[in-house]
Amino acid sequence: NSRRGQDTQDTAAGGACKGQQTTGITDRTIKLGGIYPLSGPASAYGTISKGVAAYFKYVNDNGGMDGRKVQFIVRDDGYQPPKAVEEARRLVEQDKVFAVFQTLGTPSTAAVWDYLNKQKVPQPFVATGASVWGTDTKHPWTTGWQPNYVAEARVYAKYLKDAKPKARVAVLYQNDDFGKDLLGGFEKAVAGSGVKVVAEQSYEVTDPSVSAQMASLARSKADVLLDVTTPKFGSQALAADARNTGWNPLHIVNNVASSAAVLKPVGFKNVQGVVSATYFKDPADPQWANDPEMKAYMNTMHKYAPDTDPANQFNAYGWAVASSLHKALDAMKCPTREGLRDAVRNLKDVKVGLLLPGVTLSTGPGDAFPIETMQLMRFKGERWQLFGKPVDTRKEFGPLTK
Amino acid sequence: MSTITAALGTDRARRRRAALTALLAAAVAGCVPFYFAPFQVFQLTMVLLYAVALAGLNLLVGFGGQISLGHGAFFAAGAYAAAVMLDRYDTGHLATLPVAAAGCFLLGLAFGVPALRLRGLYLALVTLAFAVFLPPLLKRLEPVTGGAMGLTVDKLQPPAWSGLAEDQWTYFVVLGVTATALLLARNLLRSRVGRALRALRDNESAAEVMGVRLSLHKTLAFAWSAMFAGVAGCLYTWVIGFVSPDSFSSVLSITLLAGLVIGGLASLYGPLLGAAFVMYVPSVSQDLSEAAPGVVFGLLIIAVMFVAPTGLAGLPGRVLGAVASRLPRTTAAPATAAPDRTPEAGPAPSTPSTPADPAVADTEPVGAPPRTERE
Amino acid sequence: MSAVTDLLQQAVEGLGSGAVYASLALALVLIHRFTGIINFAQGELAMLSTYVAWQLMASGMPFWLALPVTLAVSFAGGMLVERIVIRPVRGAPELTVVIVTVGLFIFVNALAGLIWSFTVKDFPQPFPDGGLDLAGVRVDWSTLGILGVVAVVMGLLYLLFQHTSAGLVMRAVACNPASARLSGIRVGRVLMLGWALAATVGALSGVLVAPVLFLEPNMMGGVLIYAFAAATLGGFDSPVGAVVGGLFVGVAETLTGAYVHVVGEDLKVGVPFVIILAVLLVRPQGLFGRAAVERV
Amino acid sequence: MLAVDGITVRFGGITALDGVAFTVEPGSAVGLIGPNGAGKTTLFNCLTRRCTPDGGEVRFEDEDLLALPPHAVAGRGIARTFQNLGLFPRLTVRENVMVGAHSRGRTGHLAAALRLPRVRREERELRDQADHLLRRLGLAEVADHPASGLPFGTLKRVELARALAARPRLLLLDEPVNGLSHGEVGQFADLVRSVRQDFDLTLVVVEHHMGFVMGLCDKVVCLDFGRKIAEGSPEHIQRDPAVVEAYLGVAA
Amino acid sequence: MSEPVTDVTEQNFLEVRGLHAGYGQARVLQGLDFSVARGEVCAVLGPNGAGKTTTLRALCGMIRGRGSVTLNGRELLGRSPEQAARLGVAHVPEGRGTFNDLTVEENLRIGAHLRTGSGWRGRARRAVVAADLERIYGYFPRLRQRSRQAAGSLSGGEQQMLAIGRALMPRPALLLLDEPSLGLAPLVTRELFEIVRAVNEEERTTVVVVEQNAQLALDIAHRAHVLEAGRLVLSGPAARIREDGQVAEVYLGVSVRSRKAG
């Protein structure tokens, strides 16, 4: 009785969807798997899985998705690509999931996407903003979700071109795909304009602090500091900026490090006027307190994840991306893996509760970036204030190509 | 004379038993991929390739007594050598193996020379520094290494004639390389060279007086062990098909050393056990606690070291020893177990002491082998 | 600003980082002097202590009360760790103990994440905001404060090691525990004391650097590597060496990161290590370490 | 065969050896005696290149010994035992002895890894020779025992076996019989005498056991505070007042 | 055996009953019985590998044993070496166990640990230690010359002196000497045994000495035990053992002396 025979359990649909894969989905259930760093250096992001799981529980309590109860299996890869491969294989071959809904981080995602595409398993809405997920044509089963880093860079570029056309920009960035993508996107987007990058400094995630880099950047006396960091380093950079009274640039902090949890430790008085961009509703922001989706989110989090801080924006991110998947599943023509693949790649202005007004999901042939719109915000008092109109980078800069 | 013939007899018997065991192991190893699910075969493949790296590290640390916390760097070098060759020159997989091996051998040689001057802790930390330094370097060399995004390359594909699935073919290839590597390591250790290595681990001065050339053997040990790590890295690229700088952080180096110590230093099959630990225990931890797999994993490491302070390889012996010394009389002389325990420096870990008097911990004379100490 | 002031400013920045490394390196040196091992969990224990302080303050305790309580808790905690985690492998090969500390590292890190989550916590700055302006070079009070505390701790440790019989006993235990026991030294207690002191120094380090690095479970992970570097450069037995090593590493990497463009910020980690390697090749026992006695 | 000339060793302020000179004739046995800390072991250390003298010359068969790298000494035919035992505790007794023959082996790293036929042959030979020595010294029983945990007297013999495995022409013994009972000393003396004959050895022996030294040696050199204070036949030395005063106390 | 209670601490100051001990599965001591009176010097003799060292290790708690060992009426078995040391047992181990990284004087100070404890102590304590140091330097002038030198760099004999000196520092009640003459020059060996005799007589220190130089040991011992293969094969007053020619021949090889090493 070989365990290998499990392959035979893979099932196919009949009828109109004849031959398509129905593994992991029945009329009553749908099985999804996610791979997150629950341990190791990137475990801060692991909490996204809590938001996702909470959403699915919420849906199950309300009758499921189209009558199907969601079973969501979370696996830990410790942010290590080989572990991600192992876990992806386990999810596909042993747990027989319908789709691998979210792999987190560029390395892990890159390590598994060949495999998943070869197995024809959908990999929708990966939790990384690298631009490859949307521009690659060889991996139709994989799509991004959050605005890719290039798109985000374009938002800041546009803002500067409009507001400070002669800006001299200093950039602090994390030396990995995230930082490089964003920096590269920014440089490309400001090319030919009066906005110039005059200094760049990178740091490694393993560095204890970025104060030395900040001191170096201060020497450039730039007017703008573009701060492409992850939360802890974001706090450090903001604090270093505040400490240095001799240099007062316009501080643009990227979305990843823009949550209130990053700013609060620095002291709100020290971060007045900082600019950022966003696309979903910050659970820590009181202006959304009466938003119905936010309420549902808060209640569910209190109910199912009482130990988790619902104000943490990563949880809200999880909720938002899960509800995006819900929409995509609803849009499937066939309840099959192929059906999901096609649905995810054919989203048209789909609204999702936790996304900002004006931000919708849209994909199409050759465009696997569901969200490419962001809105600028400025920190004032004790919270972010949105300003300007949502910037649709697709419209402003044209589609991304490889 | 009779004792000699008897010894010869047992020797032959032992050899026959060893051959039988090897045959059995080969048979089991050959059947495994036809029984287990692909992802389990994949896991075993990973165990095998980590075992190669651990076997290399074992040469250096277990048998040579030099501690390296930087072997992840050689692993990475091997992985990148393979990935770059596949990505840029399309050389085909097999060609990458000798290049990765030779390259890492030379790299190890280059490292072995300064390592000669450094001892214990200092060597460990300098090598750790190398492991810390490598990822940013790989990122910097973007034109070759693909920078922070890494490189995605083709995995090993089964040839049509084999009729095997990808995971099975990969498994067999890795099995072949691993078996060869382990055999090489074993041969090395069972020779004059291996003895010299272990001798200088135990007592450098005496070894040198016996004519052992320290510089030669230490540097070559470093080179061999780097080569093994490089070969493992090359296999990694074949299996995973993706390399990125952040896959080879210092955590990998520390994990390798931990795996080795957990498996059993200076033991021939310790690397296999250590590799299995490194591979399977994180999964077990998250099965036990989804909320915080790290908590469980950390505890498991500590627990294993409590139960098997000399590594898992020594565990069966310890258990048997403990049982044997308990069985005849319940009050038998409180033993320290571990009959097979490599009689290395330091006292045996204690059997649990009487609860009334927790201070009595050490049961073996702590200075047990003082006479063979250096002056 | 002139180029010289710039340079000095960067150097001051380096001293700031260096002080952070030195503070943890002191704890590493302490534990090494007592037990002869390197403790991978040292940074995580410091981080845990810092969370204790944070928790105390979150429940309303003022900083200057929370600090001594935290130090006391850490002292006790260090003893407990030795008793529960390290004692069972005492006498096992050295690497086994090192790997146990690796396990402890993973455990404590995950535990802190479980209890306090990975969001950054704000931690009050014991030193006043702002700083001195010395001829255009800005030196934050916090940098000066950390440097000052590090210097004091270094001095105390120096006295402990060199001028008390406790220091002598401790060295004897690290050198030959078996003989120490034969001389009636309660090795278990000495080791507990060593862990307790190291945990206390570590806690102090954590509390000092938390306002600068921001408190989260991985706060000390990066520092640990640099603290290792500092201790290695200094010679792993010497508190003075740890501090000199820490400051040197901090300044060296900051200046090369800022001024040597081929190296740049991304590769600057390599610089102190190259220097360390160079130093060790000449002095294998580190700058301030003692050469081991060896003869046949 | 061996000529030590004006050798001087200093450690910081201590002069461990101060212009010591003597010669050793082929086939002879020379005893080296002197109070504790006189520099006897240090002298051995110089001969085996464990330390480098600050002055003086050592010639072995007309070759400058001090110009050799440490590991080459064994290859020239010089072997020694250590005062405080320099065994390899984690190796078995047989392996210890086989390491002794290291300088006679030829196997390199690559050949060893591939386990070429000649490697097997060499291994077998070394092993047989080691076993032969072990039997000869009555150690066959403990051949597979790790060196640590054996009684002291046994370890002394293991050290001798290991030194002999190098097939030396000059054998340096540092306190070979300390820790042996009187009866065992006698046996050991017989043993040394017989191997000396069979292996055609030249001996230099450091020993505080006067009976052993006097019974074995043709010539005795006495050191005190790093200086040679007497040299001569055993009978002569035993009566030498300087030796009696510094070392023996009342005539033994 | 029922002896008057008053005698317990005098006649059976050290009392060993049915002592079994070993290493792992190797059972070395197979039930030893002997006792040593207070202020007595007791020699333990026997061939190579008989278990003499093992006996001393069991007495001072370095290895665990089964049976009973009482010192002054208090059980020693099951105690750790430091506890035994605190009860007044000092052990010069085989292999010397010097603190190689510490200087000679620091080694001796560690030996005085029990007299001073650790930590900051008063002048009186310091004076005591200074006097003790003087006493040891008096016994071994060589050590005074080497007092600032690291113990690891001493010659073999100097280390042996240091180990004995360290054991004498705390003025122990029971001194266990494992082959103290090892590596010592003849003159020093004789002096050493004089020192042991003096310590024994002046301080009433009870001594158990394992020694291969049976002649010397028996000269200062009151009582002697001969061990073979982990069992006592002979016990009695030292003088009688010395005179028992056959025993001496068989177990001690004393008569070798007349053969003059062959």
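Order of writing sets the labels: A, B, C, D and E. Residues in every chain begin at 1.
The criterion applied here is as follows: a contact is a pair of C-beta atoms (placed from the backbone, for glycine too) under 8 Å apart; a residue touches a chain by one contact, two chains touch by 3 or more.
None of the values given here were measured: they were computed from a predicted structure.
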| item | value |
| --- | --- |
| Most distant chain from subunit B by Cα centroid | E |
| Middle chain, criterion being Cα centroid separation | B |
| Most distant chain from subunit D, judged by the mean position of its C-alpha atoms | A |
| Distance between chain centroids, defined by C-alpha means - subunit B, subunit E (Å) | 45 |
| Where subunit B and subunit D are represented by their mean Cα positions, the distance between them in whole Å | 38 |
| Rounded Å distance between subunit C and subunit D, as computed from the means of their C-alpha atoms | 48 |
| Subunit B: positions in contact with at least two other chains | 132, 136, 139, 205-206, 209, 250, 291-294, 297, 344-345, 348, 359, 361-362, 364-368, 371, 373-375 |
| For subunit C, residues contacting two or more additional chains | 106, 110, 113, 176, 178-179, 181, 186, 225, 264, 266, 269, 292, 294-296 |
| For subunit E, residues contacting two or more additional chains | 23, 62, 80, 82, 93-95, 97, 152-153, 156 |
| Residue ranges of subunit C touching subunit A (in the complex, touch as defined) | 1, 6, 9-10, 13-14, 16-17, 20-21, 106, 110, 113, 117-123, 129-131, 138, 140, 212-223, 225-226, 253-254, 257-258, 264-266, 269 |
| Parts of subunit E lying in touch with subunit B, wherever the complex brings them together | 20-25, 27, 57, 61-66, 78-80, 82-83, 93-97, 152, 156, 159 |
| Parts of subunit B lying in touch with subunit D, wherever the complex brings them together | 3-4, 184-185, 187-188, 190-196, 198-199, 201-203, 205-214, 220, 224, 266, 342-345, 368-369, 371-375 |
| Partner subunit D, residues of subunit E touching it in the complex | 23, 26, 45, 47-49, 53, 94-95, 142, 146, 149, 153-158, 160-161, 179, 182-191, 212-215, 252-254, 256-257, 259-262 |
| Sites on subunit A touched by subunit C in the complex | 39, 41, 43-44, 46-47, 175, 201-204, 206-209, 211-213, 215-216, 219, 231-232, 235-236, 239, 243-246, 261-262, 264-267, 308-309, 312 |
